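Here the structure is laid out as structure tokens; the discussion comes afterwards.
The letters A, B and C name the chains in turn, as written, and every chain counts its residues from 1.
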Amino acid sequence: MSRLWAAALAALALALGVLPFAANDYLVATGLSLLMWLALTQSWCVLSKMTGYVSLGHVVFYGMGAYLVVVTWQRWPLALAVPAAGIVAALFAALVGLPVLRVRGPYFVILTFGLAELVRYALVAYEAASGTASRILFGAPDLVVIYFAMYALAVGATVLLALVARSRFGHGLRSLRENEEAAETVGVPVVGYKLAAFVLSAAIPGMVGGVMALRSTYFVVDQVFDPMISVTVIAMALLGGGDGPRGPVLGTLFLFTLSQLLWAHAPLAYMLILGTVLVVFVLVAPNGIVGLFETARERRRLGALAREPV
Amino acid sequence: MTLPLLAVRGVGKRFGGLSALADVSLKVAEGETVGIMGANGAGKTTLFGLIAGNLRPTTGSIDYAGRPITGLSPDRVCRLGIGRTFQIVKPFPALTVLENLRTAAMFGHAALRDVRAADRHGLAILDELGLADVADRSAATLTLSGQKRLEVARAVATGARLVLLDEVMAGLTATEVAAMLETLDRLRSSRRLTLLVIEHVMRALMEFCDRIVVLHHGERIAAGTPAEIGRDPRVLEVYFGA
Amino acid sequence: MSVVATLLSGQLLFAALVTGAIYALVALGLNLVYGTLRMLNVAHGDVVMLGAYAAYWTFSGLGVSPLVAAPAIAMLGALAGWLLYRGVIRRLLGSGATASTRLEGNSLLLFFGLSIIVQNAVALAFTPNNRGYSHLDQVHQLAGVAMTGNRIAALAIAGATCVGAALFLSRSLAGLSMRAVIERREAAYIVGIDVDRVQAASFAIGFASAALAGVLLSMLEQFSPFSGFPYTIAAFIVIILGGLGNVAAGLGAALLLGVLETYGVALTSANLRSVLLYGVFVGALLLFPRGLFARRAVRA
């Protein structure tokens, strides 16, 4: 399976890599969107899949990154602003991480949502008070440049999750997901590890937000903190399933392709069908696409065992 | 006189208005097996929680191998060399039995950062505890007896020199108790472990421990060899109303 | 208005009580579902929305007062909840989807999917435009405070229902079994409680109270197929602050939220409503990670 997987992944990376040279602007923009979702979903998994702390506020890092790039527009070079966006998001995570991660389970889910909304409305109120309800941005780089920046971020996020998943750090995270108290008792530094996962998961979305801000000529703060972004990321990760980067790639591809097809052919029923797909998936494939593959493989293995002569 | 491995001095713990432990002291020498005896609510598990770092004492201090460990976090205490089991087992359910031990070997006192070394270490311990054939099964699928053995195996896999065993015999049949005692005996000599054992099963206390400390309502009321404890009038009064 | 005058205003107090009572009613159902099943029903607000639409149609289509239609609509809500439980939720519980490490994510996705379906089906069927109607909006003067009839009715009905639910939980045998399941599910099985029936009942009661809240709200504000979401959020804030599964504390937290929102907006500005709400929520949860009224267990 893993050689097949590696080949498939390489093919995908290649296809996405040559897309800007082979297709029109519309397709490139579509590819950009796919890469954005890949980067966001993989980075979410670094925290939420590995530790079990499900965050419903992932968009907050994206929004902060976008805001930083916009407010430094034309004053800072982009080569500085975009990495700074990632750093600001990571610093924010480092700052609030300790108290936030003391909260567990469903409390954590709603807390992260509340935190993202708090930052959102605080910035909206601030912008309204300072008189800049919206901004017009001129002179953004070419689509192809933006595309390859996002490509790098998507690859980076995938590599990050892969490295974390197979590292000692990742094993520690998995243990604390399974039983936090027991993990601490066998020596896993749970407080520090959770915080590290949180900070790591924040940097890339910050830069993703910064890069995507370059796409909009007309910027409104409210839009870059849209909670639907957080929800979509969760859906893509859970539909994919699994414990490493494989699941999110599958889940993102699946949901993204589905939404593009529906949008093109059945826009009215789009949301209805999407909702139905989510419901059916949770009932039929609770461990995601990866779970389906694993169940099929298990069945084949048991079937082969049953057929062996006794 | 050599330094005791563990020195608990005047330790007390209050939860709001409730005093769970008051002025408890004990010393454990290296290589000893000390039993902690007492009725439910006597404060035994609280004492373990204080030693292992899960709880912070309200009064008193705890030293391990000559250095103070009072108030350190559980993971730091583990890395220094103390392992513990939980009365209600806490396995990593979705991880395999071997992976449960791998975590302990990698992050505990043994600090075996290489996965293969950690697994070799873990498999050896699983062998000693009779769990080698379920190494690849997920921990959630084991029977209670298996999970209790896993709990012990994991604590030992941290490479701890001092292991706190919290009622590992509870719920086992007489045959299983005998087997577990035998296993623990082999384990403590092969790995030179110092043990602190909470038990209700009398046989485990009397046959297995060098010394016993008796707690009652959070206070220490008696200490001595098993024979002495069996004759101690205060203990007899508390346990048998005699 | 000066700060002191604001704080002493009977008008604001009345508004805060009405808001708080409705939040309490909405939160009640959410708390019961979470308490018994440990699932985050993010579609809860959409049941409120459906109740509002039902009241709207009975009023403008059949000329029936929402107060008269309320019991029937609440019953329909109960039926819908019960059917959802039997048809979908039980199936989810039976599959491997609810191993604790997956429950959060899977129940979020499930209810979110249901929410999308309901919101967009209603939008397709009834257009996404705002709806509203006027009923019982004559103003009554009581102790110098001007109150519309519909607000008085909403406060009375919401308040009575919440008190009734609290009494049900604390005084009746059925309520006791529900509290047992909320407190410790495994133990409830052992003492012979029909946990399945309790769970179905919590869904039924939960949906009924949400639908009722929708009926009351339809008298007071305009609504659209997407109006449910803010109430879902408010309900979550309330039950988290009160401590999940703690129905009585939830009622208190709801009143607190109503007071905070009403007085907060009056003292600052409408723009800051959300900042205030989320600010207090995040701050409170960071200080009290298990809710404001969490009981701290004594460990021996």
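Basically, contacts are C-beta pairs under 8 Å (C-beta built on N, C-alpha and C of every residue); 3 or more make two chains touch, one makes a residue touch a chain.
Everything quoted here is computed from the prediction, not taken from an experiment.
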Common touching chains of chain C and chain B: A
Which of A-B and A-C has more C-beta pairs touching across its chains: A-C
Reference chain A; chain at largest CA-centroid distance: B
Averaged-CA centre spacing for the pair chain C and chain B, given as whole angstrom: 47
Whole-Å gap separating chain A and chain B, where each centre is the average of the chain's CA atoms: 43
Euclidean distance of C-alpha centroids - chain A vs chain C, Å: 31
Chain B: positions in contact with at least two other chains: 94
Per-residue multi-chain contacts in chain C, two or more chains: 101
Chain A, residues touching no fewer than two other chains: 178
Parts of chain A lying in touch with chain C, wherever the complex brings them together: 52, 54, 56, 99-100, 102-107, 109-111, 113-115, 117-118, 121-122, 124-125, 128-129, 177-178, 231, 234-235, 237-239, 268, 271-272, 274-279, 281-283, 286-287
Residues on chain A engaged by chain B in the complex (per definition of touch): 168, 171-172, 174-175, 178-179, 181-191
Chain A-touching residues of chain C, taken from the complex the two chains share: 34, 38, 40, 88, 91-92, 95-98, 101-102, 104-106, 108-110, 112-117, 119-121, 124, 233, 236-237, 240, 244, 271-272, 274-275, 278-279, 281-282, 285-286, 289-291
Residues of chain B touching chain A in the complex: 52, 54, 73-75, 78-79, 83-84, 86, 90-95, 99, 102-104, 106-109, 113, 115, 154-155, 157-158
